[in-house]
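Have a look at this one before I ask anything.
By letter and in written order, the chains are A, B, C and D; residue numbering begins at 1 in each of them.
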Amino acid sequence: MKLIKATALGALTVLACSSTLSSAAPTEQNTVKINAPFEFSSIDPSRSGYVFTRLQVIETLLNVDTQGNLIPGLATDWQILEQGTRWRLSLRDGVVFHNDKPMTPANVVAALKIALQKPGAWQGVPVKDIHVINDHQIDIELNTAYQPLGAVLANYASAILAPEAYAEDGLAQQLIGTGPFSVYELAVPHRAVVEKFDQYWGQKAHVEYARYLTGHRAEARVLQARSGQADIVFGLDPAAVPTLKRLPNLEVVRSDLPRTLVVKVNASQAFLDSVEARQALSYALNRQGIAMAVLRSPEAASAQILPPYMSDWYVADSDSSQNLAKANKLMASLGWQKNSEGWLEQDGQRFEIEMITYADRPELTTVATAIQDQWKQIGVKLNVNITNSSAIPAGHADDSLDTALIARNYGVIADPLGTLIKDIGQEKGGDWGTMNWSNSYVKTTLTELLSETDPSVYRQKAQRIAQAIYDEKPLIPVAYYVQQTAVSKRLQGFRFDPYERSFFLNELTWVK
Amino acid sequence: MRQLLLKRLLQLIAVSWGVGTLTFILMRSLPGDMAYRIAASRYGMDAVDNRAAELVRQELGLDQGALAAYWQWFTDLLSWNLGNSLVSGTPVSESLWHMLGHSLLLAGAGMLIALLIAIPLGLASAYWGGWLDRTLLTVSTAMRAVPVFVIGLLAVILFALEWNLLPVAGFGTPAHLVLPALTLALSLAAISNRVIHTEAQRVFGSSFYEFARLKGLSPWQAFQHHGIRNIAVPVVAFLGIQLITVIEGVVMIESLFSWPGIGHGLAHAIFARDIPVIQGAALMMGMMFVVLNTLVDIACHYLDPRGGRIA
Amino acid sequence: MLRLSFTQKSGLLILALLLAYALGAPLLQSGDATTQNLSQILTAPNADYWMGTDHFGRNMWLRLAEALQLSLMMAALCVLTSALIGVTAGVLAATRAPWFDRLMDGVVTMILALPGLVLVLIFAAIVPGSFWMLYVAISLIQWIEYFRISRAITQRLTQSPAVQSSQLMGFGEWYIFRRHYWPAIAPQLFTIAAFGAANAILMMASLGFVYVGIQPPLAELGLMIVEHFSYYSDAPWLLAQPLIALALVVLACQLMGRGKSL
Amino acid sequence: MSLIHIENLSIYAGMIELLAPISLTVEKGERLTILGQTGSGKSLLAQAIMGNLPRSLHSQGQVSLFGRMVDNAERQAFWGTQISMLPQEPWNSLDPLMGAKQQLEQTYRMVAGESPAEARQQAAYTLALQGLQDSGHKRVDQLSGGMAQRVAIACAMAGGAQVLLADEPTKGLDVSRRDQVVQQLLSQSEQGALITITHDVAVARQIGGRMMVIKSGELVEQGQANDILTAPKHPFTQALIEADPKNWNEAEGDTRHGEALISAQDLTIGRGDTALSKHLNFTLHQGEVVGVVGDSGCGKSTLGDTLLGVHNAMGGQVKRHSKAPRHQWQKLYQDPTAAVSPAVSLRTLLNDMVALHKIDRSRIAPLMQQLGLAEDLLERNSEGVSGGELQRFCMLRALLLNPVFLFADEPTSRLDPITQREVSQLLVDVAKQNGCAVMLVSHDPDLIEKRCDRVIRLSA
């Protein structure tokens, strides 16, 4: 009787076992194992195309170099005609899809037209028409000049797939791209294996296979790196970096990227509507302490939202040091006094605000906890609420948001103007930008820059906008986001793309 | 026997309806607008904005009245169509079966190893007692005092990192199953070995066992004919109760070792507010729980003709 | 009234020590558990930080005390509420009309359909990070244990000669409860309460582990273990402290629950 | 050659001597009965002989079986094949999950070494011998006490043991079952030897052979059974023999009594949906003592409960001629420890009742004195006093309520013989003095004969 129960259970496990084990051709030696925090909920480029451009399965017409300038991709060159309302792109020849069919201008136009209707990067681009000119050129006609169109063409949402890849409703159901790797095996949402594509037009890959696995928990990813089960691990929790650095089998690559940890402030909220209050909150931040103790990179502290190398948008003299005295003086000038428990109070109301953040990026919860204590020193009671990232746009839409801690990437589109327009240029600000900030000058100047061609005028207006943001603090920057990646020493030639567009797997080689 | 199965069937129906409605009500009252959450999971955290949320709302008809949604969900449930995951769009039942396979594999392996550890130790400590009994008592008490994920963390530190023997997380090769199953097994065996010990001591000390020896049966014959079955009845009944700890353990271990089972799926779906997957997972877990309980009932009935469950 | 066995006495002793530490700690060192000192992070236990500082430079001596206070309070509250509801429901189910008994049975089967943790997970997701929602969810699950025991004992006693003779002698319902049902239920309650307390603490810690439990800056043992796990190699004592505290408080409860050594 | 020879065997728990040194020899075909109160160390002697004393005790002195000196371990080899013992509770000594026939078969097969076919045939024959042929498949919980005892004896002897030790074989059985079991013991151990341990004088009388009387661990008298039973020398033996209801003096049979109190008219009583006794007609008068006798399961207790109104009658009706309030119709229970809550001291229970019914406290002292209850007894709770004392406390509580009717449901069956005699006498006297009618239930016809004015016989 006991025997029967044991065999029944045994049979069950064997049956379940066989159904899950896939005998992948990739072996330990020929596969680069990648682990990152981002899930791909579907294979449509508009939804999670960024995973597949990084895995170099799909490519865009234009690419971006490390300084953020546009460089040729599937298009060899591009001319901007008729004051920016017509872009002519000449396509590279000898480009082959993964189904061995050559890429024709008609394929490109079809792919772009599909990408046009989907939400994401193509939002707000005034496209009139896209059509083929001859056997190697296509034209994009715009209703009005749109300077950031180049950056949009470099965005993952405008990746070019073979016609057979799309279903009738325009959603991609098969990833037939042009990149140096083709899809070998897919398990939505957290496992993908790609294989070397020999007819690639550019530099062919040396590595046979690459396997991408989503690791939700930050400490689980660190364990993968330590134990060598993953060769490249993105999104390392800064806390674990010191220990990883001491390990012999891997090295930690630190890279700055145009992503900034920023406190989004609702400028119409009762306590936060005055500039002095926002400046006080900014002075109360101990940015050096956070950068050193939490982010583990002392020089990441910053009082501006954009990095120094975007010189047009970087204000020369900015001070990011903590100044509690000034902060207290500013608060006092607004009529706030500290009550018995040390919280600021004014005619019966306590200075109590909420900060929303999300746990997908490990640094956000720790930085929020640090800010909470620092604002407590000047009497501001901050309640931290860790939920899902969607609560922030929702809070923006119904004005229920006080503050939110976000990690905004201003480099998704190489030139920050596009993002700035989306974040600051709109009437109420942007879901991931300012909120109810009343500064008409900044809004009008931003739209003017769209069609500004003279670099010196462009720079002068950009500087004035940057100065206004720095002074009135509609967004309180905390620090630049530092991306830490663990790379196994059995690989050579890894380089990190600051614009997070590609893993450059085709440049990787095994260490002999 | 038939009456027992009928009762379980009724419970299955009540459970599925109850669990389904409970999760439905709970999820409708979740704070934060569902459309935004789903858009976030679909289009990536930083790219979600009002336009994307609006699009999601129309596409999935999220703003239809609660009652209409409930009725529509109820009719789907009857035809065992659990709808599609709001996030990935794949049919819920398909991904759930996949997850259920993993969870059953983990739970099965965990319980099997737990029995392999608990039975010999329990019987030996009951038969010889002395220092073995005392050490087992202290180890079991210590093991029960820590949550299952702590055992998991310690196992990870020891096996995966210091000795680098076993993979830390994920799935694929059988080696991936070892650590999670071992963690679950240790947490289960810590309790079941003491239960087996107590039941074995009860039987060895009982007068019918002594009379069997007085009748002239050798110690081994007495154990074989009278010992095993009398010990097995309460132990199997206890396994029925331990199912709760098995499933709770599975939820924790899956999220620690990111084992793609139903517990992990549920925890993740709750975070992403993916209602169909939550209802499907909660339903599946409820049914799995009732089915496993029925199996234990049948085993108990087969073992103990007196019908009553001792435990 | 309770004759405690050796195991129960040792459990009580550990609990008393933990309580003394949890309540005494803030008196011995000033400052509060959330003040950060970003220049003093991960310092080992030394003269002015008796138990060292965590990854925010917060004083672990105070923080661990606060976490223990939270766990013990949760355990006490859960035990009290679930005992109250469970016993009353149990006695009423055994003594009142049968339809009430069937109704309670239905409710119990419904709740037992899902393992406790899953139900608490869903509840905690509704109001993330609120201590009170966790308390409601855990008590909702734990009262069943008390209900089943008190109903079983009361059902057995209603047929017993003692109750019949008290009824014959004209005593009322309340007296019968006070003299017959309660003395039989009370010793069992102590065991369930002790294990209930242990499970409540374990459940809260587990929820912290899945990031659905308590929100910062509140100190909670489960969340602490998770946060400190990544420092296990360069500050092992930081991970060890909450781990040992959690193990001790759960061990104390379980020892108290175990009349005879199980 | 003696089957069993013991030289001053004594048993110790640590330093305390539980059984004084004792020697005895049993020859082939001989029968020995060991008589004594419960708790006098009789069963320890049997276990010492068999060699399965509990670990905490140890014995001294020599034990030789079939002429060979054997220590504990060696004796285990004799179990079942040469010597066999029947433990006290028969229904506990059979495997709860296995049928009776299966267990018997198993013993034949494994101990007597018979082939499965032979064993099955042998088992069927033995069960038929005991009249159990149609309940072979039944498990212990489906057998009555008597049937279980007979199966246990069959199993004990299945191994072919010549010597059988029976420890309290008739405990808890009613009279007719008791005699059946004694006959079976005698027939089974015809050729070998039988050692019986009992507290029941009637059993000793039926078995005959030699007898030894033990009082709290001391051998007080030994010799031929019928000599001792007719002319006991030791005072303790006398008290023991007199305690047997057979030797009680006759009741005065006083027939004076008050007017009708309660009467049953064409009453049918039953439990659940099975009727136990039908068409009962009788009337109880004030101060009258009526006995009810019958085999277990014939509805004696149900009759009392129906009269009290605890159970409703299945047919006919109960007519109460007196207007006495509900709490003046009282009941005494078979097991007093189950009827009194152990949670508080007896004094508190008493005070509760006094407060509820506003009883005049001065009445308590004389009643307690009459019932032979010491004052300090009230400080203890129900588990701190003996069975006899507790039953008398229940009587005290009942009498304080000036009962008109007292239903005594086998009040003394759990007590040892001597206390049984005192308490039953006390019950009848006190009830009569207070003009309270008593319905006394027992399965022992002699007791009912000697205590009641009138007897109602219920047939199963």
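We take it that a residue touches a chain if its C-beta (ideal position, glycine included) is under 8 Å from a C-beta of that chain, and two chains touch if they have at least 3 such contacts.
Predicted model, so just to flag it, every value in this text is computed and none were measured.
*Asks:* Among the other chains, which touch subunit A and subunit D together?
*Replies:* Chains touching both subunit A and subunit D: B, C.
*Asks:* Find me the chain with the mean Cα position closest to the mean of all the protein Cα atoms on display.
*Replies:* Here the chain at the core of the arrangement is B.
*Asks:* Would you mind checking which pair of chains has the most C-beta pairs in contact?
*Replies:* Result of the pairwise contact count: A-B comes out on top.
*Asks:* From the C-alpha centres, identify the chain that is farthest from subunit A.
*Replies:* That would be chain D.
*Asks:* Could you grab the centroid distance between subunit B and subunit C? Build each centroid from C-alpha atoms only and quote it in angstrom.
*Replies:* 22
*Asks:* Once you find the CA centre of subunit B and the CA centre of subunit D, what distance in Å lies between them?
*Replies:* So the centre of subunit B lies 51 Å away from the centre of subunit D.
*Asks:* Which whole number of Å gives the spacing of the CA centres of subunit A and subunit C?
*Replies:* 43
*Asks:* Taking each chain's centre as its mean C-alpha position, how far apart are subunit C and subunit D in Å?
*Replies:* So the centre of subunit C lies 48 Å away from the centre of subunit D.
*Asks:* Mind pulling the subunit C residues that touch 2 or more other chains?
*Replies:* 229
*Asks:* Which residues of subunit B are in contact with two or more other chains?
*Replies:* In subunit B, the residues touching two or more other chains are 31, 229, 255-256, 271, 303.
*Asks:* Do you know which subunit D residues sit against two or more other chains?
*Replies:* Expected reply: no residues.
*Asks:* Which two-chain combinations touch?
*Replies:* Those chain pairs satisfying the definition are A-B, A-C, B-C, B-D, C-D.
*Asks:* Show me the residue ranges of subunit D that touch subunit B in the complex, using the header's touch definition.
*Replies:* Its residues touching subunit B are 50, 52, 76, 79-81, 84-85, 87, 89, 92-98, 106-107, 110-111, 139, 141, 152, 155-156, 158-159, 161.
*Asks:* Residue numbers of subunit C touching subunit A in their complex, please.
*Replies:* These residues of subunit C touch subunit A: 34-36, 38-39, 41, 55-57, 128-129, 211, 215-217, 226, 229-231, 233-234.
*Asks:* Give every residue of subunit C touching subunit B within the complex, in rising order.
*Replies:* By the definition above, subunit C touches subunit B via 106, 109-110, 112-118, 121-123, 125-127, 198, 202, 205-206, 209-210, 212, 222, 225, 229, 232, 243, 246-248, 250-251, 254-255, 261-262.
*Asks:* Would you tell me which residues of subunit C are touching subunit D in their complex?
*Replies:* Touch residues, subunit C against subunit D: 160-162, 164-166, 168-171, 175, 179-180, 182-183.
*Asks:* Touching subunit B in the complex: which residues of subunit A?
*Replies:* 1-2, 5-6, 9-10, 12-13, 16-17, 19-22, 38-39, 41-42, 46-48, 50, 119-120, 123, 188-190, 213, 215-217, 220, 223-224, 226-229, 358, 360-361, 387-391, 393-394, 396-397, 406-409, 412, 430-432
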